[in-house]
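Naming follows writing order (A, B, C and D), and every chain is counted from residue 1.
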Amino acid sequence: MSLHQKERDIIVQNQYIDNFDFDEVEDFIKNASKDLFISHKFKNSNTTLVQPRGGFPTYQKQFELYEEFEKADIDVMPLTIDSHTRLNDYGSAKKMLMLSEENETDMLNGYPLVNHGYATTRKMITHFNRPVSLRHGTPDARLLIETALASGIFEIEGGPITYLLPYSKNFPLDKAFLYWKYVERVCANYSGLNEPINRESFGPLTATLVPPCVTIVIQLLEMLLSLEEGVKSFSVSFSQTGSVNQDAVMANVIREMADFYAKKIGVEDATINLVYHQWMGAFPRNKEFSDSLINTSSFIASLVRADKIIIKTRDEAFGIPTMQCNAQSVANTKYTFQMLKGLPTITDEEEEANLTEEIHSIMEAVFNDSADTLWRKVFNSIKNGIIDVPFSPHIINHNAVVTIRDEHSNIRVIERGNMPISDKCLAYEKSKVKLSKDKTAVINKIIEDIGVMHE
Amino acid sequence: MNKKVVTGVVGNDIHVVANRLIDISLQARGFEVFNLGVNTYLEEFIDAVVETDADVLLISSLNGEAEGWCRELQFLRAEYELKDVIFMIGGNLSVGEAANIEEIVPKYKSYGFDLVFHQVDLNIGLDTLEEFIGHKS
Amino acid sequence: MSLHQKERDIIVQNQYIDNFDFDEVEDFIKNASKDLFISHKFKNSNTTLVQPRGGFPTYQKQFELYEEFEKADIDVMPLTIDSHTRLNDYGSAKKMLMLSEENETDMLNGYPLVNHGYATTRKMITHFNRPVSLRHGTPDARLLIETALASGIFEIEGGPITYLLPYSKNFPLDKAFLYWKYVERVCANYSGLNEPINRESFGPLTATLVPPCVTIVIQLLEMLLSLEEGVKSFSVSFSQTGSVNQDAVMANVIREMADFYAKKIGVEDATINLVYHQWMGAFPRNKEFSDSLINTSSFIASLVRADKIIIKTRDEAFGIPTMQCNAQSVANTKYTFQMLKGLPTITDEEEEANLTEEIHSIMEAVFNDSADTLWRKVFNSIKNGIIDVPFSPHIINHNAVVTIRDEHSNIRVIERGNMPISDKCLAYEKSKVKLSKDKTAVINKIIEDIGVMHE
Amino acid sequence: MNKKVVTGVVGNDIHVVANRLIDISLQARGFEVFNLGVNTYLEEFIDAVVETDADVLLISSLNGEAEGWCRELQFLRAEYELKDVIFMIGGNLSVGEAANIEEIVPKYKSYGFDLVFHQVDLNIGLDTLEEFIGHKS
């Protein structure tokens, strides 16, 4: 038995799950309906697929949510996991699930997948027969992903960097890399049986003034770590920046760079898709304006020809949306995509060249790190600030990069910290902003920039 | 002498943006700030208040978990004899969209907070804090 | 006394109006606040101005509407006139106004400006101190426009073609040209006193599959007829076509052509602005989707850098909107414009060249007509189908042009009728559509194309 | 023999698009069509029905004016003895958004219409017409 299989056997020996029949799971995946695979759907559609967020504790309520979504003709169903499960605390999840079932109030902020188990969950997934995307934020997602795949969930979001730097204060980053390596391998192993399993990175990160070069570098690195293990279908993503042009520039560059770096490590047979997140930062408190913002995001997703969009709701500033509100958002977005026609192609050579150069500089510095494996090189690069995510709550993050919006709302780097972008590129970025010398003026500008979508 | 404030985000909440702004704004207003950051438990807050002899404890909560974490505040407050410390909380204090928005402030006051701000802008909160301090002294 | 002044004196001798003091009016305009002039506002703003539609019978209700709009920080106030006034039937308008005042129900579908008179109306206009745009649809608008200008309404929409071909079945077109000539001259005369009076053409026409070349030719001709009389501020307009790219192409070409033809008749000192109408065709019956459509229109207006947008409401498919619904639309659009940043510039050389060529061909044919004045040339050109507006209800219209949408929803000419566009241009247009040989299939496609924004 | 239909848009209404589609659709369904176009007054409709010996009068109204124009229909119908003609109206039959949407159909029926369609798709209306004709004969 391989080391990997040994690890698998240990992981699934858990008092909270019944039993795990790997042969049966393999059989299920081999014969599963193609409609469950987003990789298949990507291949056969030429519009932007629509995916909301959503997870409820009980089977019943999750089923009702899916019914609502089905009525709105959703393309990709979400399964959001509760936070106890994310911390591998299946005991609390179990207790809260029982309370939720008894009292008909939600005592969990998501679906406790491990506790429900794959036999049960698979019934729901196959019933609706649409692709499901797993959203969690778990550093050690090994058991969770085994359960998801066995349930018929063939898209797994996250990654060692994107699910850690925005979501955690002190979970050890090196451990996250290893746990995710396991996830990639499981996904890769299953990918030969039927359509490939899709992995998706979480490009929004902290959704707060993250410069395009940082987002894209992290997307590329998570992609490479995944392809290295044999994954054949991968989605890179980013969220609305606040400038239409910067979104277009990012889309063009990320597509080109994904191709370039996949080839660079010798992978030619993987499919890379682009996912666009509707505005992930602070929302306006006026729900009408939130609708406008959401629709504007959809328009941009169409303009940049994203393969999938992940949507928000008009309740974003207030709290977790109701099922109906969520389904309404799906319907609105589908309507917009359907009626929005004759989209022009946008390119901006100067901006694209600058961004490309920044990305190559950072990627080169990562590859030049002296460590032996890619994940260790990336680990070191984060630790020493070669990769630096603004507003990350994680203690390992360097926090030296400073960004600000220019007059067209493009996010610009004004302090590079340890990020190895060239003097020329930095000068280009800085040339776009008229910066006050006064430090409080700069701080006020940053506060304003965070609230850029407020009414 | 500058007033001392201990601040941070309670529970498993990792929304850090407001926390960074609170840090900057408090300093700009002349407070001495001890920022515990995100993902801080109530006991850690109380420890820090005692240790620094703080005048104010300013807790943020954004992800809706606050209620679960703050019920024991009254108890801790009594135990540590923190009568003179101003306890303040703000952010997004309910899960989902609060059905009974008027009940939120009284509820948190009953947990032992002096000042409660649900979905209220930071600067309004800090203005109120300064007024409150003025009245007390 | 000039012939023109004699005509003016006759027009204002009307049993429904008190008296008309031309000296007082001149004085008022000379000293009027600059804020009442949209020509002034255009000069001093660099965002797209927002204007809704709206008119109620009583002074009181119109005032309340303006209060609602003011709260939404509207840029340009509308004054929509009732249909009795449009037909110069001031007697019925008076009766219905009285009934509306007594019963507090609206017995008119707009504001009967002539009956209210300029002294009263001026109070309201100067109170709010924002530019007001007059929307009517009247072939003989001479008294109406005298009253509007005297009231402080310094933007007059319409024109002999654009207010006739879509709005009338059999009003004589030649008379309309003469009545509008009068309007242009009054506007021109007042334009030297303070900021210029703005005239605006109604580009949407029937809002149903009108090809870009027809819209633009008509815009140019109404502009020329206006500039000929001395108007110094003119707005050309068009409405959302259904294809983002076609909108961008139209915006680029109309701007260029307006410049070109103004110069051609020797006018160099007039300011031409561009107005964009949100979708003017059939709306979806789902109000959420209407909101999405409206927001999408706003996005396009920003993309094409329109100077002003005329907006719709979520109630469009149902009936005349409430004040609140209307004001909400203003607020939403203002929010969208404010947050939408970093817009790229869109050009499409091939499409622009084709459209330009079509326009020049038609314009040339109009100019080559043997009549002595421009308005007579235009009259003849409409009569013989050189200019042909699809779905016009007017008996003079030729109705031989057939258009259809291509796969990107661009409106394409497939039958040119008498429209003198070259074989090359027609071939270009036809090359874009895959047309079925079957006649009912074509009809079904046209029906589908009319309902292109339906859910 | 083909059934004859007189159609048009009533009053000062100039919304012509539906009218063009109605013309095409009626012909496609095998009716003989007399289309008076937009801006047609009730008397003109009645004259045309008498003159052509029509089986159906199909009136459209989009701009909300219909009510003002159609109140006298019952009277004209009696006067001209048009008992066997099917009177039909459709489009947007109220000004503004109808507050009492259920009242619209009965109201127009009381004016003398046999078939009333408020904000109903044309094809549904024509299907119903054909059914109605079937029942009658």
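Throughout what follows, a contact is a pair of C-beta atoms (placed from the backbone, for glycine too) under 8 Å apart; a residue touches a chain by one contact, two chains touch by 3 or more.
The structure displayed is predicted, hence computed values, not measured ones.
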Inter-chain centre distance, subunit A versus subunit C - centres from mean C-alpha coordinates, in Å: 46
Distance from subunit C to subunit B - Cα centre to Cα centre, in angstrom: 56
Geometric centre distance via CA averages, subunit D-subunit C, whole Å: 31
Touching two or more other chains - residues of subunit C: none
Chain contact graph, described as a line, ring, star, complete graph or other shape: line
Pairs of chains satisfying the touch condition: A-B, A-C, C-D
Subunit A-facing residues of subunit C, complex: 241-248, 284, 286, 288-289, 291-293, 295-296, 298-299, 328, 331-332, 335-336, 339-344, 346, 348, 408-410, 452-453, 455
Of all residues in subunit B, those that touch subunit A in their complex: 12, 14, 16-17, 20-21, 24, 28, 37-39, 64, 92, 94-98, 119
Partner subunit D, residues of subunit C touching it in the complex: 83, 87, 106, 109, 166-170, 206, 208, 282, 285, 315, 317-322, 391-393, 440, 443, 447, 450
